[in-house]
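You will see chain A twice below: alongside chain B first, and alongside chain C after that.
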Partner chain A sequence: MGRAPSSLVPWLLAAAGTLLLPWHMQQDGITLRGVLALGQEDPEAASAAWQALAHGRFWFWPVVAAVAIGLPAVQPGRGRAVLRMAAGALGLAAIVAQGLAIGVQGWSFPWLEATFGDLGDRQFGIGLGGAVATAGFLFLLTDGLALRGLFKGDRFVAGAVGLLVGSIVIFTAWPVLTMLSQMFTPREGLPWTEALGVRVLDRKIWGLACVTANVNCGVFWNTLMLASASATAATALGLAFALIATRTGFRAKKALRLLTVLPIITPPFVIGLGLILIFGRSGVVNQAADAMFGVELGRWIYGFGGVWLAQVFSFTPTAFLVLIGVVEGISPSMEEASQTLRASRMRTFRSVTLPLMLPGLANAWLVVFVESLADFGNPIVLGGSFGVLSTEIFFAVVGAQQDFGRAAALAGVMLVVALAAFVAQRRVVGRRSYVSMTGKGDVGLPVPLPDGVRRAAFAIALPWALLTAVVYVMALAGAFVKVWGRDWTPTLEHFRRAFAVDWAPDGTLLFAGGAWHSLWTTISLAAIAAPITAGLGLLAAWVLSRQVFRGRTALEFALMLTFAVPGTVIGVAYILTFNIPPLEITGTAVILVACFVFRNLPVGVRSGVAAMSQLDKSLDEAAVTLRASTFRALRTVVLPLLKPAIVTALVYSFVRAMTTVSAVIFLVSAEYEMATVFIINRVINGDYGLAIAYCAVLIVLMMAAIGLIQLLVGRRRLGRRSAPAAIPVGGRA
Partner chain B sequence: MSLRSLAAAAALSLAFAGGAQAQGSLNMLCAPAADWCEAIAAAFQRDTGVRVSMSRKSAGEILAQIRAEAQNPRTDIWFGASAETHISAAEQNLLQAYTSPNMTGLHDWAQNVHRITEGRCVGVSSGAIGIAWNRELMARKNLPVPRSWEDLLNPAYRGEIQLPNPNSSGTAYTIIAGLVQLWDEDRAFAYLRRLHANVNAYTRSGAAPMQAVSRGETALAVSFNMEVTSMAQAGFPIEIGYPTEGTSYEVACMSIIRGARNLPQARRFYDWYLTPAAMDIGPRVNQWHVPAHRGATPDPRIPDLATIRLVNYDFATFGQAATRRRILERWDREVGSLPR
Partner chain C sequence: MKAGKTGAEVRLQGVAKRYGQVTAVKPLDLVIEGGTLVTLLGPSGCGKTTLLRMIAGLEQASEGQVFIGGEDVTLRSAGERNVSMVFQSYALFPHMSVLDNVAYGLVSSGQRKRDAHQRAETALETVGLKGFGGRLPSELSGGQQQRVAVARALVLEPDVLLFDEPLSNLDARLRRSMREEIRALQQRLGLTVVYVTHDQAEALAVSDRIVVMRNAGIAQAGTPEELYARPGSVFVATFMGEANHLRGRIERVADGVATVALDALRIELPDRGLPPGEADLVARPEALIVGDAGGPGLPGRILRAIYMGSHAEAHVETPVGEVFVIGPRALARRAPGSAVSLTFGTEGVVLVQP
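And now, the complex of A and B:
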């Protein structure tokens, strides 16, 4: 890089945000006239500079000063790097400090009030100006850092890393830490140390009474048991399906592929409700057993057994998705070598194929383990007396106890377990790669399975697939009958109540059904969140896999961490953190979109990393050699080759935004109601017909959306003979 | 279309929007069933022109939300949920007092809550705890219909009764607090320990046992009358009776949030709901709460509280956080930890 280019754009952002745009969030939105906020009479509608100048809000002077310092640094020139860094750092620090120190009731902390006296003024959360200025200062800082030689002097990379770090700090680290800090709040009569001890060392979390007597153990052990059992069963089933799909001449492989999308497009509760209809006390199986053998099977479905079964149904496809990539990735040449050495098929399977799959199996196990940990819908429908961490956190906040401290302690325990699983998974997958897929052509055909293994796989997989189909059919049948589980007269009444459309007298279309509002909101917010998630995720993937800089591992870890934080924790954390200035976004669409983006970001990252590792680095190097900028190389060379990863990220974040429930239940407001929350309210009310009708509509919509996204993004065109496209392994985890 | 006519249209639509906004808006959190909440919001909007933004959440979620929002409230009015949760919110200084001119027409139990919270909430409806059973399942298993708390101890009901867990369910707390007030604390817990042999699950949600009875998943449950009536109206074989010894009841309340941004509209809603016409909305959407207003239209499906033997429920004492914590801890120690 011959000369240091100018930093005009970031400085202009910072200046515009500080001088021109209204600093705070405007309650009624921003009008075109309100954008120019210099000289506003209402301090709340004015820009930061004008508030400092005309309204005596002294706390904005440091921000203005930072803009002034940055001005001479804008010109090209190497010596200006320090100045840019100083301006950026001062600006950011000033914005954060004033935002945290001064809130809607003046000083936010008692010690500030004690030191400086009553402020006599207040401010609300930051809006357009504040956000733009923050971004401007951030990029000034990263520009400065890049000019000092960090990130190999690449300003684009520096800016990308800055953006990622900033957004993770704001939307994940800060809320989670706020939530966890609730653990330390004193409880009546107890100082915080003892209150913390009581909360964390609770017998209800760690109790081991179930070992000796027939009572419930602590929720920690319940959760651990459930997650391990679900992970083991789902991995075994997933393996059976994966072997059938890749190593046998099974005809209905297309149908097996369908199985992989089912769980991600299934709204919560559907599986639980279906299981009750089949295995519940008044379910089909029980009634048949009663009628035929006079046996009463009882109500085993409520409790560990039922939740476990539901989770295995829900997560087997996840395991399948992970394992199919692994099984496909095993190079047939090794197996061929084994057979050339006259090993039998069984021996080849045992001593070559299986060991090669072990890391994949461990990965699948851990992915399901974490999913089970975070699962909320199944335990709440089928749990009965059986409690797990995710439901306990929910009830600690919203139940009769109203104990944020206890919720925080439970959340802390859950976070530790999730992190442990996560670290273990990285160890397993990160070690030497066993997947023997290289850029070179793999010649040879996969070895057919030994007969014993094949029979076992079919014997396990086919009944299970049938059962899955039955569960779905039973559950979705609820949408088309009068009273689900009781009066099976066919009807379309539920759909009419939810999605009725009338013609108003003046000839316009009137969406009269009760579900339209939440459906529109859900679709539009999911559609807003999906491209942001995909964009940020792929940017992160590119930075992580292509650039080398200090702290890369930490960034990668932080990115993946967001996935380990359970939805319930995120929901409570968001409402605690973002209801008060400096970021006051509760009740707006912003908080929901932010929640979706940062919950689903790891998926974008993973599918991006997986796809990126298939692209040889020489491609971008060639572009850079031809004097393309880093950004241009990314845009014209890497992006077009990443189409499958883009599809995965878009589809997944869109679909997850539509089916997620545990986080958003705390974040919805009257104006922004989500479909899943609408469904839960009907389930709570016992109105299963309407709830399931809505679920059915969502499933159809999501399938359409997946098709549409695939159509829009298109396939990547490789000038190569066609090979089966690789699935980003672990795309769901 | 020329630019000028576009501008005119924009100005017109702005003026129109302004007209609709003249009555202001109201942010409401609503705890009862979604149908009821929607019907109330729609009726108020129709009657007054105030634009209502209503969210339905469970009582606990609402309390969690207004606590989290305490420094900067987004909610104006909180409709529904038991008096205890409102008292708990009042204790934490989250509510503001208001006395409506329409108060005089209310039943004593509704006014009583207003008195003990120093005006920070008022009763809007009530419901009594009863024993619910599945008619078909009871007939098939040849079980007698229980008439009293004592009857529930019958060994024939072993594994057939479902109760909610007080750690998460307000209904469960109402049941236990009622037994404590009916007898005394020691006797109530002795009873619960004996009852445990017949209980198959302590569910997390208060409505779950009643739904399990409706669908034939369990034969008996202890539940509020209005939920049972809703299920019976939907065609499920569920019935309810009130224990002869006496039973507990709840008063659902309404309150105005401290620092509400739309205070005049919140008061207007408060006044509006305390009229017989507003209280008649419930039964039209299959909600069978006992209305607080004396002038509300009676319905055979709504029980007359005067004919049920009720305990003298002390909302002030049993609404306190300390009492609640003590009872929950005792329940955990003596009932929750019993072997299954």
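And now, the complex of A and C:
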């Protein structure tokens, strides 16, 4: 009772990372013998302590010293909090300082070289030892802080917060700041101020020539126009669908709800492909027009119109999903009150229902706006010469010019727009006080829609739903004909090229198809990332919704902010940051997994928060007053009751990892190629058949995954209370 | 569940709680003697639940110290204090059987599962739920769930047992019998209990002492009788049951007895340290006696009289304002408008701070 337990585990981590394990990343992976790195001949394979002792790498002494300072923390006792904090802080500071100061070419900064002279040594990126030691020091620090009374004295909460803050810093804040700093690097003899000016004030970004002449405007205006147009159309369509689904007696409501699953399972360029097959130069419409009227419709689909159409198709389901919640959230008793006050249905709709929905409509608009901004798949497939920020960034990085400064400037502009939308969204959602949020049963029947509104909704929504179905059918049909538009012979050739399986001469199974490699890589990396995403996301959700500590709102804001960073920006930031030490993980699986985890974290957080808001807070408190440690309370009470949310988070993060493209396109390597990137490359080469065949396989896989959770989660009930699985909305790119 | 072991004393010294600009509990001192049941009573938002949660360790005091059994536990978390709590919602773990729920705290403190289950069975027996261990909480009635919550808290033999509005989810009849059970259990086991409620009848029925709270501070603390018969303020008087608030004048004070003028009537009351001059007093409805007109006392007129079965109630207009009277059944026979005379009994009439 009241005895501070020892910090043995964190200290052992720090000590093992510093003394025993190889500090740097090993070129050929870690062998069993290489794990014990205390007496290694090769300095690059040795532990930090051995490098300092035997190889004269003095910069590791502070790290070793931190381990020594932390030694008393192994003993239980409250008074040793300061030692733990000191050891943890010193260790972290020493690791960061040496990592940033010394790179592959000796000192990383000229002024260090000027001060201390030539180092005559160098080091590569941090590996297993460094990572373990960092974790150890981090938890020593949080242990110390908790024992000083922060976080209510709870070491588990302190550790969880430390973990979250640490990962946000390493995998979001640092890369983004590194990328932004690239804007300031001097160029071609220009001083940094002028280089910055040239990059940021580029006519190609801000040009307004299109107002007066028939040329393209700057990409900023293109992006803004496209995002606003897509958001407006998708919101209007989404509202029509939402009203039909919740306020009419429409029979096929269930089928309508299926629409909400589409954006989650569809790889981001399927719609674009479908549109090409319909409206492209050899698309069915063009061919028909040519055959029947001799009219050449040309390539109008490549450009603003096509991208806009594809985005409206892609994002209407998202808007629909957001707006279902909004329409259902309006308390029927308000509308009933209006009706008893002699208002007609139309007047009720105009003066009560619509104003109550306004914040929700604004939110849906902003969600689609952000998705359009971050969208990469549709513009790359359909954009043609119409450039938007995400594609321009891509071409700045991979194109012949390879101008990272320009990519950084474009990404900076994109980041500012995304953050502005994020702030606007916070404002809108923060004010949604009048959508009744109480869980109490607000009885009453929703008022049927006025006739005019109902007719309008059906007139807009039904043709659109039909069109969506046509696009999907066309997109998939393309996988089964030889060459779309020229040779309509049915064939399975595309599938054979992608997924052929042969018997090798020695009798083993040979995955001969060209797509197998990327498919296996994608599945295995997504499978590695999913549990990490779900775990970290639920931990964040639990910390944010259940724990009270100083800085909680700041942490929440930081987390939400990282979610607002578009995928393209993250992709550029990652390659700029992680292809040099101290964290040299470009080209490895680690960077892809990290990207998946931090891009999809919102899924885990949202489903966790949704599920936890249904769990009575006094359940955790009861467990804590019953002598359970916070961790035990989480494990024995909260987690079992959160099972549906855990499964949901797992599956959705898996599915989204498989369909994402915007960030990973920068991060793939020959060894780790992703399915979506493979498909994009086929599309760019004009090989639509194989691309579509691959998309079809992905869609079937995702549908199987989603169906599986419906089976697992849908039936689960606890007592009288059921916890519905929350489908995460938005933030996909 | 050893009888005879007396619970620990709880002492709060200058304890306060602030959330940013908002003060939930002003700095206050409070001693809860070992083995007694003390209620924190007050309207919603008065800080009583926050105070309870600070004793439990679910909230940390912004300032001041909390002692349990003489030990300073201010910086300890809930799990490190030897306290147990019964929650308003009961907070039974819905995915565990009743037995697992009751044994949860024992297993958490490191007992072997078999021993824990044995003791949990005993605890269930204590609250009259023998044989219900295998059920899920959702398969029990509200009252039974309440008992499981009590058993789960009791089985840890806590120094202090805390109740947060434990009966508010039960119907009126069940509430009555449950509060008697809780009181009987507390007295039999000699537990220290802190009990939060907003229901004054419940507080009067179960408490050794009552702490009336208002605006994040203590308005008055005392035995049920003290608070009912000698409230210190108009707020406490009206919160602890029906009371007539009257304005009078202290004409003189001698040997601790004040002579108070109410219109033409003079009554003598303990002065309670008040100087001569304008004064507030409260009178319980049953302390007022309605007599025939012309007798000694204030002249009055019946506004309405109501027959209530066991007694009668009447509203009477007097020169010092309208008053509410509870009297014998015969009172109901007085017709509205009839003239009466109103005298004051010796108990239930006190001078109060304004």
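Observations on the structure shown:
Here, the second predicted complex is superposed on the first by the 672 of 733 C-alpha atoms of A that agree within 3 Å, B and C clash if a C-alpha of one lies under 4 Å from a C-alpha of the other, contacts with A are read in each partner's own complex, and residues count from 1 in each chain.
Here is the rule we use: contacts are C-beta pairs under 8 Å (C-beta built on N, C-alpha and C of every residue); 3 or more make two chains touch, one makes a residue touch a chain.
If you're wondering where the values come from, they're calculated on a predicted model, not measured in any experiment.
Aligning the two structures on chain A places chain B and chain C next to each other without any clash. Applying the stated contact rule after C-alpha superposition, one finds that A:Ala114 touches neither chain B nor chain C. After superposition on the shared chain, chain A has more residues touched by B, the comparison being chain B against chain C. Shared-chain residue A:Gly387: touches chain B; no touch with chain C.
Once chain A of one complex is fitted onto chain A of the other, the partner contacts of A:Val668 are limited to chain B, with no touch recorded for chain C.
Once chain A of one complex is fitted onto chain A of the other, the partner contacts of A:Leu576 are limited to chain B, with no touch recorded for chain C. In the superposition on chain A, contact of A:Leu641 is made with chain C only, not with chain B. Touch criterion met: A:Arg682 reaches chain B, while chain C stays clear of it.
Closest CA pair between chain B and chain C after superposition: 38 Å apart. Those residues of chain A lying in contact with chain B across their complex are 103-105, 124, 188, 204, 209, 213-216, 276, 280-282, 298-299, 302-303, 380, 383-385, 387, 391, 395, 397-402, 404, 482-483, 485-487, 514, 572, 575-576, 579-581, 584, 586-587, 665-666, 668-671, 673, 678, 681-682, 684-686.
On chain A, the positions that touch chain C within their shared complex are 1-2, 149, 152-154, 616, 618-619, 621-629, 632, 636-637, 640-641, 718-721.
Contact residues on chain B toward chain A in their complex (touch as defined above): 27-28, 33-35, 38, 52-56, 58, 60-61, 63-65, 67-69, 71-72, 74, 88, 159, 165-170, 172-173, 200-205, 207, 211, 214-218, 230-231, 234-236, 321-322, 324, 328, 332, 336-340.
By the touch rule above, chain C contacts chain A in their complex via residues 56-58, 60, 73, 75-80, 82-85, 87-89, 91-95, 104-105, 108-109, 136-138, 152-153, 156.
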